[in-house]
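One chain, chain A, appears in both complexes that follow, with chain B as partner in the first and chain C in the second.
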Partner chain A sequence: MLLRRETPNLWTLLTPPAVWALHFLFCYVAAAIVCARYPASLDGLRLAIGLATMAALAIIAIAGRQAHRHWGFGSDLPPHDAPTPEDQQHFLGFATLLLCALSAVAVLFGALPALIIAECR
Partner chain B sequence: MSESDAARRKREEAELRAVWDIPRGWRYLSNCNNQVVGLWYTGASFFFFLFAGVLALIMRAQLAVPDGTLVSAGTYNQLYTLHGTMMMFLFAVPIFEAVAILILPQMLAARDLPFPRLSAFGFWCFLIGGVFVGGSIFFDAAPDSGWFMYPPLATDTSQTGIGADIWLLGLSFIEVASIAAAVELIVGVLKCRPPGMRINLMPLYCWYVLIVGGMILFAFPPLIAGDILFEMQRLFDWPFFDPARGGDPVLWQHLFWIFGHPEVYIIFLPSIALLAMIVPTFARRPILGYGWIVLAAVGTGFLSFGLWAHHMFTIGLPSLSLGFFSAASEAVAIPTGVQIFVFVATLLAGRVIFSIPMLFATGALAIFVFGGLTGVMVALAPFDWQAHDSYFIVAHLHYTLIGGMFFPLVAGLYYFHPFITGRMLSERLGRWSFWLMFAGFNIAFLPMHITGLRGMPRRVFTYPADHGWDGLNLVSTLGAFTMAAGIGVLLWDVLRPGKPRAPRNPWNAGTLEWVAGDPSEPWGIRSVPPITSRYPLWDQRDLVRDIDEGRFFLPGAPEGRRETLVTGVLDAEPQQVLRVPGNSFKPLIAAVFIGGSFIATTFHWWTAAVISGVLGIAAIMVWLWTGTATIPETPEKDAGMGTRLPLYASGSASVGWWAMFITMVGDGTAFLSLIFAYFYYWTIHGAFPPEGSPTPDNGLLLAGGAAAVAGWGLTLLARRANGAGRPGLLRALIAGAALLALIGGGLLILAPWQAGLDSVAHVYPATVWVILIWTALHLAVGVLMQGYCLAGSLAGRLTREHDIDLRNVVLYGHFAALTVATTLAVLVLAPLAM
Partner chain C sequence: MRVAGSLAPGVFLCACSGPQSALDPAGREASEVATLFWGMLAGAALIWLAVIGAAVFAGRVQKEPIGDRAGLRLILWAGAVIPTLVLAALLAYGLRLMPVLRAGEASLRVHVSGEQYWWRVTYERADGTRIESANELRLPAGRPAEIVLDSADVIHSFWIPALAGKLDMIPGRTNRLVLHPERIGTYRGVCAEFCGRSHAYMAFPVVVLPPQEFEAWLAREAAPAEVPATSTTDTGAFLANGCGGCHAVRGTAASGTIGPDLTHLASRLTLGAGMFANTSENRRRFVAEAETLKPGVRMPSFGALAPAELDAIAAYLGSLR
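Showing the complex of A and B:
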C-alpha cells in the first residue's frame, strides 16, 4: 500500500501530484458531462466537486503525514546529500512533503471555480 | 609474473579504444554510440532551427512596412506554419533529446545508455521526417494552415493541399523518434547511474530528464491518436471532425492541446535543467534547495497537463471549465517561480563568476520572467478573450520560449562546448553574440505586446498603413535582424577554425561529465567510479586520477564487447554488466523503410507504402534477432573492484523489460485518447450510438474478446512452461496463443463488417472502426512477437534461463489484454449503460 510504507520511493513521491491529477480530471470530466447533457444538475455537480476536494485533501494530508515521518519529522534539515539510506529517505520525504503542499494548493485552486461559478454558460 | 600497473593501463586502454572505435569513411554512418549520435542530433536540430529562423526573417521582412509585397498570402501561410512547426517539432523537442543523449552518459559516468541503436534509429527517423517536412516549402507544398492545424480548414482537402498530409505523416513519424528517446532517457537515468549515486545524489539535470521523459509518454500519444483520426479523415473521408456527419472540430483542439501544452514544458524544463547545472558551477557552490528543484520539476510536470484548454478559452467552453483551466494555469506559476527563486538564491549565496554561460543564463531568467508574467495575464480567461490570436500572444509565447528555452540552450552551448569538442568558444564573440541577441530579441518582441493590444491579429500577411501598427512592426523587424546577427556571431564562433584547446574541466565544475578529458576518446568514461556526493569532482579526492588509472568498475574490455553498468533504481547498487550493441547500419535501414512507408502514404502510393512498411518491419526483426537478448558466453564476470556481476537479466531486472513497460504506457495513453474521443462524441450527441444506427454484434465482439484473452492466458502458461524447463510445451502453448489472438483479432474486425457499419456515413461507425482496428492491430503485433519467441525457442536463443524475449512479450500481452478488455467495455457495456 502506497500510504503506509516504511520507506519512500518514487511512487510515494508521485502520489500527491497524482491525487491532484485525478481530482482535476474528475472536476473537468464531470463538469463537461453535466454542462453538455444535464445542465439542471449543476448544484449536484458542485456538491460532488466539494466532496471530491475533501477526499483529495484528505489523501494528500495522509501522504503528507507519511512524508513527514519519512523526513524524520524534520529532525534533519536539508540538503540531505549524504550517500546514506537515511539521507536518501529524508530527501524523498522532504520532497514529497513539498509536493503535498503544492498539490493541496493546486487542488484548492481547482475547486474554487465550482465554489464561485453557478452556471455552465 | 604479474602485469605491471602501467602495462595493465595500456592494455585496458587499447581494449577500450578498439571496442568503442568510431568507424571512418562511409561506415561512420553506422555509428551507434550516443556520444556520436547525440552530436548528429544536435547538429541536425540546430540546422532546422536556422532554417526556421530564416523563415521568420522573411516574414519580418514582409511585415516591415504596410502593404508589403515581398511574399504572397499563400507563401506567407506556408512560412508561419512551417516556422512554428519546425521550431517546435524539429528544434525545441529534438534538441532536448539530442543534448540529453549527448551529455547524459558522461554525467552518469556510464559507458553508454542502454539502447544506443534505438537512439540511432530515433535520429534517422527524425532526420528523414524533418527533411521531408522542411523541404516541402521548396516545392510550394508546405503545410499552410497554422502549426496547430485546426479543422475544418486543415481537413478540407480542396483548400489545403498535400502540405497538411506532409505535416500529419511527417510529424507522426518524428513522434516515434521522441518516444524512442523517452525510453532511452528514462531507462538511462533510472538504471545506468554509477554505483552509489543514490536518488538524492543525482544531478538535477537527471531529475528533469526523468520528468520530461515521463511527460513525453503522456503528452505525445494523444497527438498521435489525433493524427490518426485526422489522417483517416483526409485520406478516407472518415468524419471525425465534420459536424455534418456527427464529428466535431473541437475534439482535434482537445487532442492537440493535451499534447501541445505539456509540450511547452517538455521543451522548457530540459533547458531550465541546463541552468540548474550552470548556476552552481559559476556560483562556486552547491545548488541551494535541491529538494525544492525536485518539487518544481515534478510539480510542473504534473500541473502542465491541466492547462491545455487555456488555448481554447474563446471557443465557448462552459465557464466552469474555463475556471478549472484558468486555476491550473495560475497554479503552475508556483513551481515555476520556485525554480527561479532557487537559482537567484544560489547566485546570491555564492561568489558568482560572470562568464558567457552565466550571461546567457541571467538573460534567460530576465526574459522568461517577463514572459511568465504575461502568461499569468493570459491565463485569466477575460483577459485572454481580448488578447487571443493577437500579436500579444505572439509576444508572450516568444518571451516564454526564447527566455525559457533558447537562451538557456545557448548558455548550455557555451558551457558544454569544451566538453563536446575540446575547444573553448571566444569570450569576446560571446559578449557580442549575447548583447546582439538580447537587445535584438527585446527590440523585436517587446513592441509586439503593444501591436497586439492595438488589435493586430497574428498570421496576417500584411496590414494597411492607417492602423498605427507600421512603426511598431518596423521596429520589430529591425530587432529580429539584430537578433539574427547575434546568432550569426554565435554560428561563426562555433564553426571558425583555430579555437584554443580547452583545459580539462575548464569551468571547474563539480559533476561527472567534466571527467571527460579528451573528447576524441570514444569510451564514455575510462572506469566507472563509486559516487558519494552530488558534486563528486569537488568532494571526492583524487577521483579523476583514479578514474583515469582504471581503478574502478569496468576498467577494460577483455572480451572485446561494449559494456555498461546497470544499477538499482533508488540505491544505485551494481546489478548487472550490460552488453551494449555495437555499430550497425540496421537502425538506419529500418528508419529508411519505415520513413518510406510514411512518405509513400502521403502521396497515396499504397503499394509502395505497404512494401516499404513490410520491409521496415522485417529490418527491425533482423535487428532484434541479431542484436538483442544475446546469450553471454559466461553467466557472470568480474566487473572490477572485487565485484562479480551477472551479464544477463530478464523480467523486471532487465532494461528491455523497462523499455517495453515505458513504451506500452505511451501506447496505452494513445489508446485512451481514442476512448476519450468516443466519450467526447457521447457528450455532444443526444444518443451515442445514434438512434437507428447499426451496432456491431455483441456476440461476435465478446467471442473475439474471449479468444484474445484466452490467448493471453496461454502466453502466461507458456512462460510458466518455460520456467519449468519444458520447451515442447512452451512452443505448443505459444503457437496456440498466437492462433487464438489471430482468431480474436479477426472476430473483432468481422463484427462491424458484418453489421454493415459505414465509416464514412457517421462518426459513430467511424469511431467503432478505429477502436477495433487499433485493438486488432495490437493483437497482430502480439502474434508477431509470439512468432519471434517460437523461432527463438527453436533456434535455442530462448531457453529456461535466457527468457528476456518471453518475459517482454508477456508484459506486452498484459497491455494488449487490457486494451481488449477496455474496448469491449466501451463498445458493449457503455451503450447498454447509457
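Showing the complex of A and C:
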C-alpha cells in the first residue's frame, strides 16, 4: 500500500497531487451534474464536497506524515543532492512533503466555492 | 521631461472618472469591484515595499550571508505561508461577493441581444408585455434590473464599467446579469469581446433615471411613433426605398426586424450604436454612407439616392420622437 512504505518512490511522490486532481474533478463534475439536473437545492452537493474534502485532506495528511518520516524528520537540510541512497530517500521525502502542502492548500481552495456560492448561476 | 513628469499624474487621474470607468462606480457591483481594486492596490503596494525593503536590507545593511536554517525559514514564511494566506483571504473575499451580486429578484427585465454591430434591446414589464428598442439602455435608479443576454451571431460581451462587471453574450446560451444602478446619470456601455471589423463601434449610452421618470419614459417608448403630419416628414421616401424591410417603426407599415427598431430614434442620444451624436446631419450621413462609416455593417449605403430623398429620410428619422 502506497501509504505504508518503508522507502519513498515516484508513486508515493505522486499520491498527494493525484488526490488533489481527483478531488478537483469530483467537485467540478458533481457541481455540473447537480446544477444541470437538480439546481433547486445545493445542500446535498455541499455535504458531498465537504466529505470528499475531508477524505482528501486525511489521505494527504497520512502521505505527509509518511513523507516527513522518509525525509528523516528534517535531520538534514536540502538540497539532498549527494549520489547516495540516503540522500535519494531524503530528496523524495522532502519533495513529497512540499507537494502535500501544495495539494492540501489546493484542495481547500477548490472546495471553498462550494461553501460560499448560494446558487448555480 | 519636466512637462512629461507633470502631465503623467494627470493622465492617470483623468482615466479614473467619466462615463466609462470602473473606478467611478455608479452601481452596486461596480462599487464592490472598485473597493476590491483599491484594496488590492494598497496590498500590492505594501508587498512591493516589503520586497524592495528586503532587497535593500540584503544589499546595503546586512552584508554577511544568513545561515541555511534562517534562509529556509525565510523561504517557508515569505515564499509559501504568507502568499497562501493572502491568496486565501482574497479568494474568500472574492467568492463572498458573488452570491450578493447575483441574487435578488428584479422588478424589471431587459433582454439585450448582441448583433454585428448593434444591440437589440427589449424591455419586459412585470405583466409580460415587451417593448422593442435598440442601442440605448435606460434603467431606474435604486432598483435592480435583470439583464438577459444572448447573441444572434458571434460572441459579444456586455460591459457597462460604471455599473458592473462584463458578461459574455454567447449564441445559443442565455446569460443573466443583475444591475443595481445607484447614481442618476449617463454612462457608456461597450462590447468587450472582439466581434468583427466594427467591434470598436459597438457601444451604447446607458441612462439611469429617477424611477418615476423611467416609468414615464417607458410608457412613451411603448407607444407608437408620433409623427407630425407635415409634407417634409411623411413616411414616403422611407418606405419607398425599402427601409421598412429591415427596420420597424411602430405605427407605420415599416415592420422589419433585421435591423434596429427606429420607433423613437430621434429621442436616443446616439446614432449607429454609440458612434455619433444623434444630429440631423449625422442621420443623413449614416443613411448615405453606412458601409464606409461602419465597416462590415449589414446596412447598405444609400448614397445613390437623390439628395432630396436623403433629406426627406433624414427629416423623417428626426421626427421619430
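As a convention for this text, the second predicted complex is superposed on the first by the 120 of 121 C-alpha atoms of A that agree within 3 Å, B and C clash if a C-alpha of one lies under 4 Å from a C-alpha of the other, contacts with A are read in each partner's own complex, and residues count from 1 in each chain.
Keep this in mind: a residue touches a chain if its C-beta (ideal position, glycine included) is under 8 Å from a C-beta of that chain, and two chains touch if they have at least 3 such contacts.
Predicted model, so just to flag it, every value in this text is computed and none were measured.
**Student:** Going by the contact rule set out at the top, does A:Ala95 touch chain B (first), chain C (second), both, or neither?
**Tutor:** After superposition on chain A, A:Ala95 lies in contact with chain B alone.
**Student:** Tell me which partner A:Val105 touches in the superposition: chain B (first), chain C (second), both or neither.
**Tutor:** both
**Student:** More residues of chain A are touched by which partner: chain B or chain C?
**Tutor:** The larger set of chain A residues in touch belongs to B.
**Student:** Report for A:Leu77: first if it touches chain B alone, second if chain C alone, otherwise both or neither.
**Tutor:** A:Leu77 contacts chain C only, not chain B.
**Student:** Applying the document's definition of touch, where does A:Cys27 land relative to chain B and chain C: first, second, both, or neither?
**Tutor:** first
**Student:** Tell me which partner A:Ile116 touches in the superposition: chain B (first), chain C (second), both or neither.
**Tutor:** both
**Student:** Could you pull out which residues of chain A sit against chain B in one structure and against chain C in the other?
**Tutor:** Residues common to the chain A contacts of chain C and of chain B are 78, 105, 109, 112-113, 116-117, 119, 121, listed in rising order.
**Student:** Where on chain B is chain A touching in the complex?
**Tutor:** Residue list for chain B touching chain A: 196, 198-201, 286, 289-292, 294-295, 298-299, 301-303, 305-306, 318-328, 330-331, 334-335, 531-534, 569-571, 683-684.
**Student:** Along chain A, where are the residues that touch chain C in the complex?
**Tutor:** Against chain C, the touching part of chain A is residues 77-78, 101, 105, 108-109, 112-113, 116-119, 121.
**Student:** Tell me, which parts of chain C touch chain A in their complex?
**Tutor:** So the residues of chain C in touch with chain A come to 68-69, 72, 80, 84, 87-88, 91-92, 95-96, 98-99, 102-103, 176.
**Student:** Going by the contact rule set out above, which residues of chain A touch chain B in the complex?
**Tutor:** The contact residues of chain A facing chain B are 9-10, 13-14, 17-18, 20-21, 24, 27-28, 31-33, 35-37, 78-81, 83, 85, 87-88, 90-92, 94-95, 98-99, 102-103, 105-106, 109-110, 112-114, 116-117, 119-121.
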